[in-house]
Structure formats: structure tokens, C-alpha cells
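Multiple structures are listed underneath, in C-alpha cells.
Two complexes are shown next, each including chain A; its partner changes from chain B in the first to chain C in the second.
This part shows the complex of A and B:
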């Protein structure tokens, strides 16, 4: 009986632990699209966003070059970006851009380790668009996607 | 000039130098490399070998200009070091509007999807080696010249590439004659990961021109290449087929048509594992004087294991049946990496 109670106690502890310490998985992360205040539009459709972030469009409507800023694919925001926007794994995304750059068709995106670095780059680089999470700085604009500021 | 004016001039000079330096240091340059090592069974013995080492450099010079360079270090038995350096691509790209570029330099001629996509990056190749139409030298792999290029235009993601350059028989610095080669390639992407393409290549090859396969052309040849491509690289299925009708016209033979092609297909059965096959078929008309008339049929079956996008292992069996050289069976294993 005592052994049984101990087992139940351990089981409950493990379940509570799992709820508390399970890391935020990529699908749960809300993504925010941020842009430099110069050239980047205030709103886009999801299809337009996907096309831009896939490197299919090189310039904004005012002629300024598009510069893509992404979190590294091994970060939670990077993994969420791969899944929600590119429909690829991190490995597939890296291969996709390496192949396109190798063909000379696009400029490589800039990858970052932290959201702060990414937001700093976007705020200082005209034409830059990036995928962030819970952005709070006033130095960049939030680009609404299909009318939403986060998805 | 007074001392104070001189000082101002000095300060302005220093500021100009600093601003130039800052602009230059803002330039983004990336260096990548690709290499492969192989183990293969041939002529009754087992061999190890290293493949080409490909050095790939890109640099964004400003918002409009960029540079791409690809240099290969490869085995060459005739060199004193047994290695040669080969400049494969040197391209200065000017993005003048939207998705439209003007490019000048040495290019991979965009007649074929394979030549325009994989270049020398073995880690990208779906099979260990290129299709046999490359080894048979039936296409002009490089063109040095000027290109106008556009891509992802409109709903069908239309793309074009018009290239004018030194023709066959010329080298990287001088044309061997006054004729220029013209390449026109178009493609559409009607669905995600599907590309349909057509290309046309025209050149006049002068009498006396030295060709890559140690042949000197005895008389002037007018050459046209018509190529069709279907490429689909989805998450599950991969399919790539290219066929070229080569038309060579000489006064002594009239117009001679040869057909070269290959078909590749693979299925991703697990996340990283892709079994595949490739069939190569080269058929030359009897009167052919420009290509080496060596009708070829080859069947290849293999397995690709993608450890990551930078490390790929391939194992293959290939049966080649050639008119001049007879039958051969090859077993080959390759580890291709990007670094």
C-alpha cells in the first residue's frame, strides 16, 4: 500500500513537472512581422508575406531593396517561422536559401541569435523586414498580416 | 592657403576617407565551400578518390550591385601538382528594377535546369555525378558574356534569361571568331516546387575551333540546341527530366540532329532517405561530325541520405551501355559536404 502511494505521488509530481517545465514549442509562439520605417508597407496578406520572405520579390514598391531578417532556425522563434511561414523544417529552410544564393538569384537573409539583435538590425536597415516575437520597441513598425499584428 | 584652411581640407579628407571606409565595411561578403569524397568499384578494383573543391563567394556591393564568384580546385593529371584551378563563374550582377537583373561575366549557360541550378555544389546534386550529356560535352557549359535575367514575374512566376557571349571555341578572355552565341531560356512555376522550362541556344562554330574534347572543327558548323525541362522537387516526390535536340549544320553533311536526355526520379520514404533512379539516353545521327558519336544508354539506381543540408551521403549502382566502349557496371559511394 505504501509502495502504491509512493508510485502515485511520483506520478503526480512528474505530471506537474511536465506542465511546468515543458519548453514553449514552436507552434505556440506568436510571431510578429516587423519592418523598418522606410519602404516597408504597414500591412500585407499572408501570401504576400510568404512570397517576400521566400526571396521571390527583390524590391519594395518604392524601389528599395528588400532585406530579410530571421531568427536562427534552432531558436524557438526561428522554428516557429519555419513552420508557420515557410512550411519547412529548419534544415529545409537553410538548404532552400543556400541553393538560391548559390544560383545567384537572391541575397541571403541575415540570421540572428536574439530578438533584440534582429530588431536592432531591422530598425537600422532601410527596407528590412523581419520575423520577431512580442516586439515592444518604437523604432520599428509592426506589419499587420491579414489584419492581425501577431499570428 | 592659410594654415586654418589647410586644416579644414585635412579634416574633410579624413572624413571622406572614413565615410568610404564605412561604406566598404558595410559590404556583406560570404564565403562558402563544397567538396566531396568518393569510394568506388571500377575495372575490378576498389578505389578512393576526392572530388572537386568548390570555393563560392558572394558579395553585396550596394543595393543594386552584387558579385558572385565560383572557383574549383580539381584533380588534373597533366598539372605538376596534379591539381588545376578553374574559374567557373565570375558574375557582376546589376539589379536595375524589381526582379530584373543585368549580369556580365562568366556564367553557366542556362540551357539546362541542372547547369543553372546545381553548378559545382555536389551537396545539391540529386545523384552523385551529373547526367551523361554533360560528360559527352553536348552542351556549352559556360558562356562569357552579358545576360538579362528576370524571375518570379506574375502569377505563373515567369522567368527569362537572355544571354549573348563568346561562342564555342573561345576562351575566358577572348573570342575565337566574330560570331556570338545567343541563349534564350524561359520558365514558369505554375505550382509550388514545379518548374517547366524551354531554352534555345544558337552559335556558329568556326573552322579550326578547338573544342573541349580535343577535337578541332574541320569546317564551319551552325549549331542550335532546343531543350525542354520538367522539374519537380516536392517534399515527397522528386522528378527532373531534360531533353535536348541538337541540330548541327555543316556544308559537307547538311543538317544532322542528335538527341540527348536524362530522367531522374526519387521518393522520400523517410525524413532523410531518398531512393532514386536515373536513366540517361544519348542518340546521335550517323552523320554526326560535331559530337563524338557514341550512342549511350545508362540506368542508375541509388540511395541518398541527407544527414543535414550540409552533409549528404549517396550510394549508387550504374550500368552504362556505350556504342564505342561497350558495357560497364559501377558502384559508387559519395559523401558531399558544404562548409
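This part shows the complex of A and C:
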């Protein structure tokens, strides 16, 4: 009897969890590229953006080092980022950067759990560029990609 | 091969060092390499793990900081060959039976390196892997590091080890050498010092300030040598003490003791020995002004042990036989040295002036039963040294005991010498017989003064004659011979007056003459004619510059001793004794002279006495002869009667024979002839008998020695009994007495002088007859005077007794009867020599015994016992 009640309890919990954590579809999330007010240009093309975020470009034009800030791949923004910018899954992204780190070719991005943390990091880190969602803070700049503030 | 201590130490250290060097050279690098490799492996493994952890975090948390840091660290390491990210997947085996692990290299650094995911470590590479596992993937980090660095490190380690071992070896060698040197040097020094100590050098000391065992050994050695030195010093003092042959040697022992104390650093100036006289609170002391100066540096004096705190304390401590410690300073220091100086000791430096309030002198006095040993030092005396000083004091006590023994012995010897000398003086003087002999007095005195060791240059004897008021002077020459004898009147000079004056008072007299006074005396002697010239008296030598004259009184005069200095007390007493002995001897000489005169008189008297005695003895003989004469006459008368009668009868017979011849009657003639023959034979027999009696009488009166010969005592007894009886009868017709004779037929002949024994028997029988006749005259109540003579054989002896029944001999008379000239007979009737001679004849002449058995009122029995 007791076992039965435990089974029922678990089931209820799973059901509640399913409803509660229903993921946001990544394709639906608009991504905003944010950057530190220093060194980061106001505008970039998508290719430039991809090149920067893939670690192919390591410095801004003024010579300052590029610091990439991303949401963790298990977040909607992170998932969106993988799909829209890296065209990879989260695991692939991880492996990608792991390989780069092994080679010592790039500094791996800094991953955050929340947008606020990410924006805060970008605002405080010169040369930092990150991928956010609906950013409203004035402390950072919105880098338009191909002329769009969000995509 | 014998190794020295140094060699052994060096060898030991080298062996240890060599082993250590080998350890460094081989074992140490091997271990280092092992640890290096182990650490290297561990390090690489840790790298791999770190990277794997970083990967794990990166893939799960998407945080690449750790993996970046780790991979950066690994990548920067020059030793890195490659680092690979290996993905492991479990796949089914181609046959589908089992799962198998497939490893796939995901990425590597450097990029172009070919990585075998299953590679293992080799000599050239160390390969380590660390697994990681994430939901995304599982794998491992494979790290490959080059061992080149390790090989280099190994070489470096070996080189370092080699250098280290060399350095260790060299340092070890150096340390070994220094150690060996440090050890062997003091050891060798100890050995050398010990050898020298063994050779008798006790001044050795090893200087080693180390506190290690060798240092301690050195300290112990130095202490031992010091102790040995002290023992040797004590032994030397002891030897000196034992070597003392005379009491005068005591200062030598004291000097030796102080020198030994100085050698061991204890004695100093004014240290010394004191012999304490508790009764007088005084010490007789010997001190030294220089401990190394020996006997010559010794000063002797006497000091009172009261009045100074130091000396008071010393006496108190001596009474309790406890050591005495004192510090002299200030006024006490000053006062002590003033006392010291006043005791007669010469101070080598002005200790008094040198003293100040700051002057300190530490005094330590060790006691011994007879006195004390005092040490003065400028520093306090530690306890160890006080013990040493006490030991020296104890040794000195032995020396002092020996000194006392020697002194007593010397006193005894001197006394014996003195007695011998005095005996010789007595003997020599006693042997003097004439006044000329007296001229030898001065040589005798000279000789004995010399043998007694009295210092003198002249001597003499003055005999005072109070009757003649003159002094008989016997003086010596400087060579000891006699100057001669001369008489000085009492008033000859002041000297003679003073001498007589002192002699009368019985006091010694001393005077001092200088050269002039001496010469003045000599001149006066020349003037008086006693000596011829100065040389006669003073000898070949010049007159003495100084002469101390000593005159010692004795009963008859003065004994004179002249010396260049005054005599010491001992010598003074000695000469005094000599004077007394001289006096006795001289008195004996005088007595002897008188005795000699008396003796001469006595000898004369004795000669007269002897002559008288001889006459008396002869008279005694004559008396006894006289007593015999009557008996003899009687005895002779008988044969003469026979001769006369037979001759008369023979004449008648001849006449008758003539008649018968004429008749021719041959028968009658023959008968008559036969009768004549018998008569003539009788005449001849009695003639011979008369002749024999006369011969015996002659022998009785004969003097001189006679030979013993075997004699028949029975015949002698019989003959003399009869002779005595008839002799008495012949003298006194009223005399009448019975006499009996009992002769032992078995009496053997005895070897005697017959005449002497006959004289004894005659004397005893005469006395017996005299005694009984005297009693018979006094008694009329039926008394029968009887004399009995009896002979008897005893065992190896013969006995003859003469017994009477007279009044007996009273006890007071009995003791004297054998004394010569003792007689109870009226004067003129007895010489008093009869029994005395009889006693001598029996006892001395024949070795026999003459006894008396008498009872008053009953009678007397004289018993002669003669050896057979």
C-alpha cells in the first residue's frame, strides 16, 4: 500500500514537472548581441559575428582582446545561440570549444546561467561581447548584426 | 704493522667517509633517480588528472577556466610531447559477444602529432592518462612527457653525487685528519708525558682545554701526575726523614719539606715548622727566607704563642689538633712580622715596611702532635691544598718522631760515651800510683774532652791544697801533651785568687782573656819558672786572640777548659760531669794511695800472721806429738821391755849354753840354741816394732805434701785409739776411761794420706778422752767415761765414728768448733786448730764429710765419711 502511494506521488510530480518546464522553442527566441562599451563596435555582420564567436577573431580593431559571453547551452538563449549562430548543438559547441582550448587557439567563452549575469559581465568586462535576449540595460551597447538589434 | 692512534682514527674516519662517499655515489643517486621518476610519473599523472577534471567541468558546467588553466600549464611544459583528449565508447565486439572499449583521439596538442590512444610509457616517454566522464561524453586525457629531462636530471644527480661524494670524501678526509690530529695529538702528548712520568719526571702536565673524554683524561692525568708529584714529594720528605742519621739533620728534612711544598706551589717565604711547648706557650720554629734555598735559607727562632690573635688562634687550634686558617692584614700583619723579627729571624725583605692596610696574607696551619706546619700565601688556600698541607704535616710528624728517637739515642750514646769517658777517666786515674803518674792527668782530660766532642783548645786540672795553701797545676800544651806540674800559691796572681775563691764556694768560674791577657799570664808563668818560654805554653801556634776560660769545681780542685768561644749549655754540663767524675776518680786515687799504704801494712801483718799460723800449726803438731809421746813411749817401752827381757834371758841362755858346751851336752846345747834363736827372733820383732813407732812419730812431725795410698782404716783406728789412750795415761796418771773399738772386718782399704787421717783420728779421740775425763772429774755418781771407735762399710763409702758419753756440745759452741783457733780448753792447753785442720783434711784433702751428732748431757759422736 505504501509502495502504491509512493508511485502515485512520483507520477503526480512528473506530470507537474512536465507542465511547468515546458521548454521555449529556441527558434522563437530573439537574440540580441550585446557588447561592452569599449572596443566593441556598434555594428557587425553575421559573418563577423560568427567569426568572432567561433574564436576565429581574437582581437578588436583597437587591439583589445575579445571576450565571449554566452548563456549556457541548456538555457533557451544558449540553445538559440547554438542554433542561430554556431549552427551546432550544445554538445557540439562544447566539444568545439574544448578542441580549441586543447589547441590553445582561443579562450573559451564564459557561460552564464542568467541573462543578468551575462549582461553584468559584459558591461564590466572591456572587450566583452555576448549573446543575450531583449536586453534593456544602458550599461552595454547593443551591437546590431547586419543592421538588426535582434535576430 | 702497528698502527698508531692517529692512523687508526684516520683509517676509521676514512672507512666511514668512503662508505658514505660510496653511498652518495651509488645508493643516493639510485634513490634520487627512483624518487625523481616516481615524482615525475606522479606529476604527469596529476597533470592528466587536472586536465581531465578541467575537461569534466568544462563539459558539465561549461566553465572552461579550469581546463584552460590546466592545459595552458601542460602546454607550457617543455617536457610535453603531446596531450590528447580521448573519447572512449563502449561498442559491441564485431562478433557481438562482448562490449569493447573504443578509444578515439578527439584532439591533441600539438595538432600534428600522431597519438596512439593505447600508448604506454617507455624509456623515452612517460605516458599517463586520466579518465573523465560527463553526460556528454566519456574519455580520458592522455599525456605524454619526454624523459629527456629525467635523463638529464639523472646525469646531473650522478654528477652531483660524484662531486658530493668527492667533496664528502675530501671533507671527511680533512675532518678525519683533523680529528685524528686532535685526538692523537693530546693522546701522544699524554703518552709522552706518561713516559716521562714513568722516567721519574713528575713535573709533566698536558695542556688540553677540550671538554671531551681526552680532555677529561688530560685533566685526570694532570691530577694523577700532580697527585703522584705530591706523593713523590711526600716520599722524598719521608726518605729524608728516614735518612736522618743525627738529630742535627732535622733542618735538612725541614728544608726538604718546604722545598717540596714550594715545588707544588704551596710554600712561600716565611712558611715553616713550629714545635710547640704548650707549657710555656711558646714555639721553637724553623722558617725559610727562600724555600729553594735549602738548609742555608732556614732561620730558627722562638716565638711566644700569646699576645697576637693569629698565634693565639694557632695555639688553641693546636690544642684541639684542628687546622687553623687566618688572614693577616693591616695592623695584625704589621705586628706579626714585628714579633717575628724580634724572635731573631732575619727578614729577607722589609715585610713590616711593605705592609699596608691593603696587605693580605692567607695563613694556613696544619697541626701534628708535636707542633704545626704553617703556610703563608697571597691567595686563599683551597680545601684540596689544605689536605695536602696536612699530609705534609703528618709526614713531618714521622720525621719529628724519628728526630726525637735519634735525639734520645744520641743522648743515650752521648751519655754512654760520657760514662765510658768518665769510666776511662776513673780507670786511668785509679791506675795512677805515684805522683809522677799524675802528670798524665792533662793528656787524659784532653783525650776525653776530645772524645766527648767538647770544643776546646786548652785544658788543665788544678788541685787545691788547703793545708799548703797552694794549687797543684796540671796544664796542657796546645798539642794535648802535659806541660808538667807546678804549684801556684793561692796568692800567686788574681787568677789564682779568683779560682780558689770560686772553688771554696763550689761555683764554676768563667773568664775571658784577650791576647794580651794571655801573654801576660804566660809571662808570669815564665817569671815564676813554671815554663821556659812562651812557645812552651802556646806551642808553635800564635797565642789565641780570644780565650774563654771555664773552671769547673770539684771536691779537690778545678777542671779547666779553654775555648775560643763560650761553651754551650750542653757542653758546659758535660764538662761539669767530667769534673765530678774526675773528682770521684781523684778521690779514689787518693783513697787508693791511702789504701795502698794500708794494704802494705796489712800484707806485712798477714805475712806475720801466716808465720804465726805456721808456727801455731807446727805447735799443734808438736802438741799432738807431745800427746803422742807418752803413748809412743808406752808403745816403745813394750818392745824395749821385750828386747831387754829377751836379751837378758838370751845372755843367761848363752852363759848356760857355754856351760853345756863345756859339758859337751849337745842335746842341751841344741835346746838352748833353739831358745836363743826364738829370743833373737823376738828381739828382732820388737826392735822392728819400736823402729816402726819411731818412724811413724817422725812422719807425724814431717811437713810438706804426702801421697795418698791404700790404707787399712781399721789398723789406723786401732793404733791411734791406743796411742791416744796411752798418751793421756802417760800425761795424767789419774786419767782413766773405758774405750771400745768395733771394727768392720769387711772394711776395704781406702786411698788416703794415712798420716793426715791418723792426725784427725788422734785429734778426735784425744778430744773425746778429754771430754769424758772432764765429765768424770765433775761427776762421781757412777759415771763411766767411755770412748768408742767404730768403723763401718757403707755403700761406696767408709765411715769412722768417734763417740763419747761426755756432756755434749752446746749449740752456741757447735757453730764455732770448726773455726780456726776456737777452743774451749783452758789457755795453753789447746791451739784451736785441731778440729779446723781435721775438717780441712777430711773435706778438702779427701773429699769426705765430717759430721757431728751431739746431745747436751749425753755425748758427742764425730762421724767421718770417706769415699771408698
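Following the convention adopted for this analysis, the second predicted complex is superposed on the first by the 128 of 151 C-alpha atoms of A that agree within 3 Å, B and C clash if a C-alpha of one lies under 4 Å from a C-alpha of the other, contacts with A are read in each partner's own complex, and residues count from 1 in each chain.
In the analysis below, contacts are C-beta pairs under 8 Å (C-beta built on N, C-alpha and C of every residue); 3 or more make two chains touch, one makes a residue touch a chain.
What you see is a predicted model, and the numbers here were worked out from it, not measured in a lab.
Student: Output check: A:104 vs chain B and chain C. Expected answer is one of first, second, both, neither. What do you get?
Tutor: A:104 contacts both chain B and chain C.
Student: Could you look at A:64 and tell me whether it touches chain B, chain C, both or neither (first, second, both, neither)?
Tutor: The first partner, chain B, only.
Student: Is A:56 touching the first partner chain B, the second partner chain C, both, or neither of them?
Tutor: The first partner, chain B, only.
Student: Which partner does A:94 contact after superposing on A: first (chain B), second (chain C), both, neither?
Tutor: Once the two structures are laid over each other on A, A:94 reaches both partners.
Student: Name the contact category of A:139: first (chain B only), second (chain C only), both, or neither.
Tutor: neither
Student: Once the two complexes are aligned on chain A, which partner has more residues of chain A within touching range, chain B or chain C?
Tutor: B
Student: What is the shared patch of chain A, the residues that chain B and chain C both contact?
Tutor: In the superposed arrangement, which is not itself an observed complex, chain A uses residues 91, 94-95, 98-99, 101-104, 107-108 for both chain B and chain C.
Student: Show me the residue ranges of chain A that touch chain C in the complex, using the header's touch definition.
Tutor: So the residues of chain A in touch with chain C come to 72-73, 91, 94-95, 97-99, 101-104, 107-111.
Student: Which residues of chain B touch chain A in the complex?
Tutor: 28, 30, 32, 56, 58, 60, 63-64, 66, 68, 89, 91, 93, 95, 97-99, 103, 116-117, 119, 121, 124, 151-152, 157, 306, 308-309, 338
Student: Per the contact definition, I'd like the list of chain C residues that touch chain A in the complex.
Tutor: Contacts found on chain C: 55, 58-59, 61-64, 67-68, 71-72, 75, 83, 85, 106-109, 111, 136-137.
Student: Note which residues of chain A are touching chain B in the complex, please.
Tutor: Touch residues, chain A against chain B: 51, 56-59, 63-65, 91-92, 94-95, 98-99, 101-105, 107-108, 127.
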